[in-house]
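Two complexes are shown next, each including chain A; its partner changes from chain B in the first to chain C in the second.
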Partner chain A sequence: MRLLPLFIIVAAWQAASSAGWLPKALLPSFWEVASALGALVSSGEIFRHTASSFARAGAGFAIAVIGGIALGIVMARVKAVQRAVEPVLLLIYPVPKPALIPLFMIWLGIGDVSKVTVIALACLLPVVVASFNGARSVDDVLLWSARARGTSEHRLLWRVVLPAALPQIAAGVRTAIAIAIIVLVSSEFISAETGLGYLIFSYGGVGADDAMLAVVIWLGALGYLLDRLYLAGLRRAMSWHAFAH
Partner chain B sequence: MPDAYLELRAVAMQYGSGAQAVAALQAIDLAIEEREFVTIVGPSGCGKSTLLYLVGGFLRPTAGTLGLRGRPITGPGPDRGIVFQRYSLFPWLTVRGNIGYGLDEKAVPRRERDRIVDEHVRLVHLEGFEERYPRELSGGMQQRVALAQTLACQPDILLMDEPFGALDAQTRRILQDEVRRIWQRDRRTVLFVTHDVEEAVALGTRIVVMSARPGRVKQIFTRGFDVAVGDEFEANPAFTDLKLRIWRSVKEEVDAVRA
Partner chain C sequence: MPLLIRIAPVALVLAAWELVSRAALVNPHVFPPVSEIALRWVALFVDGRIYLPLWETVWRALAGFAVAVAIGVPLGLLMGRVRAAEWFFEPLFSFGFPLPKIALIPLYVHWFGLFSLSKVMLISTDCLFPMVLFTYHGARGLSPVYLWSAQSRGTGRVRMLWRVVLPLSAASIYDGIQVAIVVAVLVAVVSEMVSGSTGLGQLMIRSYRFGDVRTAFAALVTISLVGYALYSAVQWLRGRLLFWHTGDV
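Let's look at the complex of A and B:
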């Protein structure tokens, strides 16, 4: 039932192609795209590229999550750190991160390091902001309660601030998952020899629109699946919290 | 003069500074003996919670000194347990985890910890709810957990900040009885803040009435009779009389704010 709108779009797309309203030069039919995807899957080629893409995105994402949580919480608790870091973050925030890729390639080479770095930077921001807000909005009553039960000032961070901020951090991490995929593909458009972004770019370049779209759909499906898995894992791991979604 | 168990001398508290400064408390002198149950009652905004937070060490007084067992209070510590009005449980810990929190912080050995936690689960009648999270409990049950969590730390003094203020009348009455039962059992020193005069008389062996802001100690009443667990104290003329006298004292302050 939830897939019904999707089904209608696909049916309309295929119908428009079959009726000749949608020229192949504009958009290949759904059937052609699906066949291209089938070929990519049965040859196993798409899995190879998926693996190298996920290694890059995963590395950048992991760095961003660990660094972002630490930075956001320290910013919320140490005024000096907040003053130092906040202007830099505000400046980086509106910059489209893929636009930094050429610069990073000059600094870090055209290999995986520059790609992972730009993914990490892009994912870092939502995690830092969520961790910062989460840590800052911890109720005084909880902090006081912990202090009156023997928690020292510096242990508060670990014992109270981090767990209390987790629901907000979890939302920031979810945003970071989507951003990781977006920036991953952009980074692989430029100077990559593997990866889903590379596949899209090279199929697009030779006019193989059906295969190009097949990879796009594959990516979309993977992103959706990741998000679902993440939410399901979260509900399990954080059953103490009433999630709104 | 020997120090009292808990002693407040010339305590004053001011929030903010300059033109925005608000004097919350002024010239508070108060001495509380060991095993006393002292209730503090006053109009809202009189600074009675602030007074409790100063004893808790969460706030620093603008002037004056506070001492417990002869030692000055300089910050929060497990010798002073506190029960807040609400939302003080750790949402990510179960009932067991919350009650055992202070014991974990003291690194009490596992077996000893579990024994103390079980004992306190029984004390507040929460058997069967040990593995629940706070959000799965009613307001009254959450306050039972908060009470057990505080008692499990074995504090010298129990601070209670309108702990039943957010509960319905029946639940409040039941929990008051629980607190009375626990106090009569282990005679721990209690400082209990409330805006409810009946609650103040039903629980306190001494009742401190505070003035409107800036809060001062206006009058101290001593309850000359006992209230037993399950007592229908409404039927006791001495109770009604004391309650009325205290209410009049509080009402003067409420009117003073209105005028």
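Let's look at the complex of A and C:
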């Protein structure tokens, strides 16, 4: 029911194309885009490009999440690390991350390494900031109570600080998912021979608007699905937290 | 002294970078010393090469941002107060918000050409989403007491949007503005990198093609400063524009 407006737009789009109000040179009809998507799926071409995009975004995202949570929590609990890292992070913060792509292409080549690095760097900041804020605001009572039972400092990070910070970390990771897709597409637009960004750009370049829009819709649907899956997984994993309700 | 200690890590990183490059531990052509990048940055301003791309990026970002505010605020207010508008637009903007709008660059180039128009349109499209959603949430969440009070004095519906709902939603709208200004600079630079023509993004890509790391880096610094300056300006203005606003209503 909530999707009804979306269907109305699609129906209006198709109707305008069929009635000839919307010239094909401007926008192919919805039906043409849908059949282009069908062709891309049945030939399997889109899966190959989806796989290489996923590998890039997934690798950068995984590095950022693991490194970012570790760094954020250690920063929150160890003053010296915070003093050393925070100014450097503040310096990187205002840099629009896709603008790093050309530099990293010079340093690390035009292949996957530069793309994964920029994606990791772009995703790192929201995760670090969320983990830092989450770990810093852990209720002192929890820490005292764990320490009073003889929990070692090392174990404390794992068993108390990390779970307590998890709701904030989860929000940072969700931001990182969206950022990963944006930086992925930008980097594949600029230089790539595989991937969904490349596919959009090359179909756009030869004027195959139906196939181009098909890939745009596919990408949007995948991004949406990822976000939903993440939220659903979160609700299960954190059923103990108010976040889930 | 505290400031000195605070910036010490940054100074250390820069010093290490300078030394590593000067000692030729890495290829200084690919990874030039930070001092040479700083000199190039100054040189770009002295010889004036930076001004045109800088101006182009800034005006595109601001134009796209302004269009998004001009459309997004009235639309968001309408969605917050009129059932039918909420029913139709809310799902579209909620679903569209997390999607990567920059994937539309090739389509926009096709529709609006290679030059500024396609970039400004894309920037305004991308900025429209936070503007609409923040305005909508602000307008929907306000206390009905204010509306009843205005209604009982015979305020008309259109006047109500402008004179009651808009000022009460101002804090939320301004949150949207602070998100949108960051998005505007980002999309301006990405669209310049991808579809060429001119601007700071294009300066970076051109420097990359010539292997000119110094200029590419100087352009990156300029881009970051532009983003930082615009965001700071917007934040500074918040206190002045919303001076009467003491907290959430």
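As a convention for this text, the second predicted complex is superposed on the first by the 241 of 245 C-alpha atoms of A that agree within 3 Å, B and C clash if a C-alpha of one lies under 4 Å from a C-alpha of the other, contacts with A are read in each partner's own complex, and residues count from 1 in each chain.
Heads up, the rule we're going with is that a contact is a pair of C-beta atoms (placed from the backbone, for glycine too) under 8 Å apart; a residue touches a chain by one contact, two chains touch by 3 or more.
Computed from a predicted model, the values in this text were never measured in an experiment.
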Query raised in the report: chain B versus chain C on the shared chain A, clash or fit?
Result: fit
Query raised in the report: Now for A:V160: first (chain B), second (chain C), both, or neither, which partner does it touch?
Result: first
Query raised in the report: Among the partners chain B and chain C, which is in contact with a greater number of residues of chain A?
Result: C
Requested in this report: Write the angle, vertex at the C-alpha centre of chain A, between the C-alpha centres of chain B and chain C, to the nearest 10 degrees.
Outcome: 100
Report task. Please indicate which partner A:S239 is in contact with in the superposed arrangement: first for chain B, second for chain C, both, or neither. Result -> first
Report task. Figure out whether A:L6 sits in contact with chain B (first) or chain C (second), or with both, or with neither. Result -> second
Report task. Scan A:S145 for contacts with chain B and chain C and give back first, second, both or neither. Result -> first
Query raised in the report: Of the partners chain B and chain C, which touch A:V41 in the superposed model: first, second, both, neither?
Result: neither
Requested in this report: With both complexes overlaid on chain A, what's the closest CA-to-CA approach of chain B to chain C, in Å?
Outcome: 19
Query - Footprint overlap on chain A, comparing chain B with chain C - result: none
Report task. Provide the residue numbers of chain B that touch chain A in the complex, in ascending order. Result -> 53, 56-58, 75-78, 80-82, 84, 87-94, 101-102, 105-106, 133-135, 149-150, 153
Report task. Report the residues of chain C in contact with chain A in the complex, numbered from low to high. Result -> 5-10, 13, 30-31, 87-89, 91-92, 95, 98-100, 102-107, 109-111, 185-186, 189-190, 193-194, 201, 204-205, 207-208, 211, 213, 216-217, 220, 223-225, 227-228, 231
Report summary line: Counting only contacts in the complex, chain A reaches chain C at residues 2-6, 8-9, 26, 83-88, 91, 94-96, 98-103, 105-107, 178, 181-182, 185-186, 189-190, 197, 200-201, 203-205, 207, 209, 212-213, 216, 219-220, 223-224, 227
Report summary line: Within the complex, chain B is touched by chain A residues 139-142, 144-151, 155, 159-160, 163-164, 166, 238-242
